[in-house]
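Across the two complexes that follow, chain A remains constant while its partner is chain B and subsequently chain C.
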Partner chain A sequence: MLDLLPQLIVNGIVMGTLLAIPAIGFTAIFAVLRFPNFAVASHATIGAFAGYAANVGLGLPVEVSLVAAFLVAAVVGVLSDEIALRPLRPHGALTTAIASIALTIVLENAVRFIFGNDLRGYDLPLVRDWRIWGVRIGPQQVENLLLALALMSAVFLALRYTRIGKSMRAVADNPALAELKGIDPIMIGRLTVFFGMGLVGAGGMLLGVGTSIDPLTGFRFILPIFAAAVVGGLGSIPGAVLGAMVVGLGEELSLIVLSPSYRSAVGFLAIVIVLTFRPRGLLGERAY
Partner chain B sequence: MLSYLLATLTFAGIYAMLALGLNVIWGMTGMINLGLAGFFAVGAYVSALLSILGLPIPLAAIAAMAAAALVGGLLSRLTLKLRGDYLAIVTLGFGEFVRLIAANEIWLTNGSDGISGIPGPFRAELTPFEFNALFAAITVVCVAVAWFLSRRLRISPYGRALRALREDETAAAVAGKPVRRMKVEAFALGAALLGLGGVLYAHFTSYIAPDIFRPLLTIYIFLSLTAGGTGNATGAVVGAVIVMGILEGSRFLEGVIPGLSGAQGAALREMVIGSLLIVIMRLKPSGLLAERPPRMPVQPGTTGSARRRT
Partner chain C sequence: MATFRPTRRSVLAGMTASLAAPAVLRAQAAFAQGGPIKLGSLTPLTGVGGNYGPFMRDAIAGVIGAVNEAGGVLGREIVLVSEDTQTSPEAAVRAARKLIDVDGVAAIMGTWASSVTTAVAPLCWENQTMLFCVSGADSITLLPHRGFIARTQPNSKLQNDVATAFMVDQGATHLGWIGPQTPFAQGNIDNMTRIAGENGMEMDSLIYEADKSTYRSEVDTIMRAGPDFILLGGYTADTTVLLRDLWQAGYEGKLIGPAYAVNQTVLDALPADVLEGIFTWEPAPAIGSPAYANVQKILGVETVDPYSAQCYDHANLAILSIAAGGEATGATIRDSLRTISQGEGTVVSSAVEGLPIIADGVNYDGASGPCDFNEIGDITGTQFLFKRIEDGAAVEFART
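Showing the complex of A and B:
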């Protein structure tokens, strides 16, 4: 079993990098708007299906389809947030969180209404896996990894250097002070939902490319996505990346001791174990 | 038709039981629990398995409630230090975790095929109609008892302390309330009611499978309690009946719209349910029967019992 270790570590790193994308989206929305937005489940599905429609329906390559996944999830994210969630925010984080589950059910079933329950696969060229020192890795996996890393770098650069990114960090740190400085928190909230849900959609597609997708795709991934965000510390973007690595590697390495069907339970176990010792996650939280 | 109405009444009762359970945890004590389906499943599986092994149904039901309470107590003990939003995620994860176990521990739960042939009270001796009638009666009695006890709990000093904890944990602690212990107890108590909901479901339908315990169920129950009024036992029951009415009513809606496939009809129904929850939360955040602050407790020794009854 131990000779499998290098393979599992490579798979875990790939998985962790892919998970980090939606986890960043989720945690960014939490940092600015201060509620756990469970609608990420349906937005991951929407991204996966938008990417599928572009890839299979229009015959576009994966890289271009990823842009479609980002944009569709981002637009649906902003529209549904404006209609369903924003008016509820004054009633508190938990009310909004519950409404976001209801929103997930609505959107997930909208996807089911249009596409049905069938499993669907992306249109990908068949290529042989590479073998490097006995570790198998697929060219598509490498491409997904590079796409994810590119997205992640874009997020970090945007947050660091752009006006919008700086405003987002300001609102996350102290909304009252940010407003005093002339930052419109509602507009920043909208932009955060746009980019956050866009990342969730792109992440949903990247996670779906490896397997097949159906309307429950997003729901199957929420446990690892939440786990990544919570383990790292809700509201912290470096935390989300770290948490995604912990969960991704944990899921793969668990195969040594657990049956594969319990992979997604690893996220839950990681949450419970980490929160027992650090109730605010590994990197704490910047917000609050 | 009457048999169908009786079955609907039973399901409404089961939802009411779950809403009462959630009311103790969320409505009275203010702890979020998005893992309702998990406790429902624990109750259903424990009672089903024990009664199939030959344990009388009432004993199996009590064991199932105890199991759900134990699991609830353990989960809340583990998560005591967590703030609400973290707790929401952990409990949601717990619900999925239970479903994963139910789907994968095939030796125990028969996996995704589910467990069939769960005994029901006098099922062999009664006609299906009589069985539905009997079970509806049992469910109504169980809900009535749970409702009555919830009301008693609410006006008792203990219930007041729970509400104090909901409003301001620090203040409750300063007032000398054992906050941690009470949170675990309240969570366990609510979980026992959720488990009882599962017990009723399992013995009524005689079949359970992991698919039944989807997070959608959690939405239905939150809809029930939010519609009826959080913190209010009567609201929980009324809300459950309303939700069951919507669920069953939207079944007929499918027939009205032509050209829908089965999957599309089901999808449309779930969309309606989700939208309704959002609309209700938007229009009436405190529910249709909002919680009223209870009257001041009467001094002992005066005509308290007579006055409370009015």
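Showing the complex of A and C:
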């Protein structure tokens, strides 16, 4: 099996990079609003279907459809948060987290109601993988990888250099102090949900582009997304990227020693191992 | 002699009694008839089996509608209660509890996925409710069901035997099996390994985790073993992903998958290039039979899928069994099933046809085949249909 190692590493890096996008959205929302929003599952699905509608329904290219995926998931994210989750936030993180599970079921079924249960594929030319030194990689994978890297770069630049990004970081670090400095935490919360769920939607589409999508698309990724955020350190954006790499590479490399039917166990295992030795996650700075 | 002098109280009582009389009479009539007979349909209306479930339910409803139009059974109307398994064992168990505990159905018909049937089965035999299924896992009829399970789908071993023999006939030299963890996965692998050994061939297998968005690494692993003919053991969702990954990886060998997995949904979801030359196989309905024509009419389709054909049979078998046993209970259906489905009676293709002559003995021949059951509830024979995908469409290749 060791001869497959280079291939598994490439597969793991691709999967990790794609997982990082929704994981960043998840962890950003956690950092600012202080609860794990499990509705990311349905928002990933919504993004995947919005991208599908733009790509197949309107004939738009993947890059433009990705914008549609981002915007639709972001708007649905803000609206559903305002209606279902924000009124519950004063009752605590656990209550809101449980409500987010209910919300994701409602939204997932709304997608099912509109699009049905059938599998759907994006309108993309299917081409054989390239083989480079015995390692294969698909052109679409490379494009997805580049799109994911561009999104990640945009997130890091926005957080570092824009006024909104700095405000988000301030609220994440200390909401009371940020409010004293004139930052409206409610508005920053809305913006965080907008950008966070937008990223989740774009990530859902990127994860679906290489395969097929159905109403359970996002649900399939909730465990690796959650695992990536926890392993990296909940609330840490670089941590989410690192955690996604750990989970992505871990799932693929596990095939060397484990049956593929145990792949999902790797996410659990990563959470257990990391939290045993570092309860705040790999790059987490704050224990919640 | 006492004289009757109407008082205000007695007049009011008399009027109330007069007004109530029709309701009392109606209630008595209903009691005499025993009320409607309830039968349950538990098909996958959503989930990975969601493209079959609605037709399966409609086939059952068609049979029940026709019997009701003809006067019902035992002088009683039949009511169909339909629930959705969601192709999920947990959801199916909740739905089955409702059908058994709340509705009190005599039979549950149409469970599709083996995992669903396995989960629902104990509820049925513990509550003496007859379970008709279309699931293939060998283990199902080996459960201690005390006769309360009958399946019209050939078991997994028979299906797998037929497909593997086909692969050998098509010139395979190195067999492969790839699919998710299911109740029949290991059994199929063992079976194929035995047949490969008997024919001097190699055999490699890989069980993967269902519901993944990509199987690139799994494909690399199975291709590394070098099979030239792979049997796909999964369902529609994972098979779609797998076929795309196999094609992108440059796999040049032959592929065969069950028709329930490589179905129209897959043909719609993947480009023709990816699908070209893939074989499918399925238990074939008895396409020349009068029962098959009945299902075509009920569903308004030219080609009836095997599960809808089997569900048509489930409903007819349940109703004829109730008529033969004289009681609308699961135990009666169990006890009468083989009386009406096999033997020397007049061959009939529907309950409507069989009910008037039930006392003289009937032998039900269905849309899915003869519907003869062995002692553990498996059917004893059926036809198989092989198709080959050409230019994005499944074309008949062979029948056995």
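Odds and ends about this structure:
Heads up, the rule we're going with is that the second predicted complex is superposed on the first by the 284 of 288 C-alpha atoms of A that agree within 3 Å, B and C clash if a C-alpha of one lies under 4 Å from a C-alpha of the other, contacts with A are read in each partner's own complex, and residues count from 1 in each chain.
Keep this in mind: a residue touches a chain if its C-beta (ideal position, glycine included) is under 8 Å from a C-beta of that chain, and two chains touch if they have at least 3 such contacts.
Every value quoted in this text rests on a predicted model; they were computed, and no experiment measured them.
Per the definitions stated earlier, placing chain B and chain C onto a shared chain A by superposition produces a clash between them. In the superposition on chain A, contact of A:Thr95 is made with chain B only, not with chain C.
By the touch criterion stated above, A:Thr211 is placed in contact with chain C alone, chain B being left untouched.
In the superposed model, A:Phe226 lies in contact with chain B only, and not with chain C.
In the superposition on chain A, A:Leu255 makes contact with chain C only, not with chain B. Counting the residues of chain A touched by each of chain B and chain C gives the higher count for B. Shared-chain residue A:Met15: touches chain C; no touch with chain B.
After overlaying the two complexes on the shared chain, residue contacts for A:Asn117 are found with chain B and with chain C alike.
Looking at the shared chain after the overlay, A:Ser264 reaches both chain B and chain C. Annotation: chain B segment clashing with chain C after superposition, chosen from 202-210, 220-228 or 274-282, is 202-210.
In the superposition on chain A, the residues of chain A contacted by chain B and by chain C overlap at 112, 117, 259, 261-262, 264. On the chain A side of its complex with chain B, the touching residues are 30, 34-36, 38, 84, 87-88, 91, 93-95, 97-99, 101-106, 108-110, 112-113, 116-117, 219, 222-223, 226-227, 230, 234, 259, 261-262, 264-265, 267-268, 271-272, 275-276, 279-280.
Listing the residues of chain C that touch chain A in their complex gives 46-47, 50-51, 180-181, 206-209, 211-214, 216-218, 220-221, 224, 236-237, 240-241, 244, 247-250, 265-266, 268-271, 273-274.
By the touch rule above, chain B contacts chain A in their complex via residues 32, 34, 78-79, 81-86, 88-90, 92-94, 96-97, 100, 103-104, 215-216, 218-219, 222-223, 226, 261, 263-264, 266-268, 270-271, 273-275, 277-278, 281-282, 285. Chain A makes touch with chain C in their complex at residues 1, 3-4, 7-8, 11, 15, 112, 117-121, 126-129, 131, 136, 138, 207-208, 210-212, 214, 216-217, 220-221, 252, 255, 259-264.
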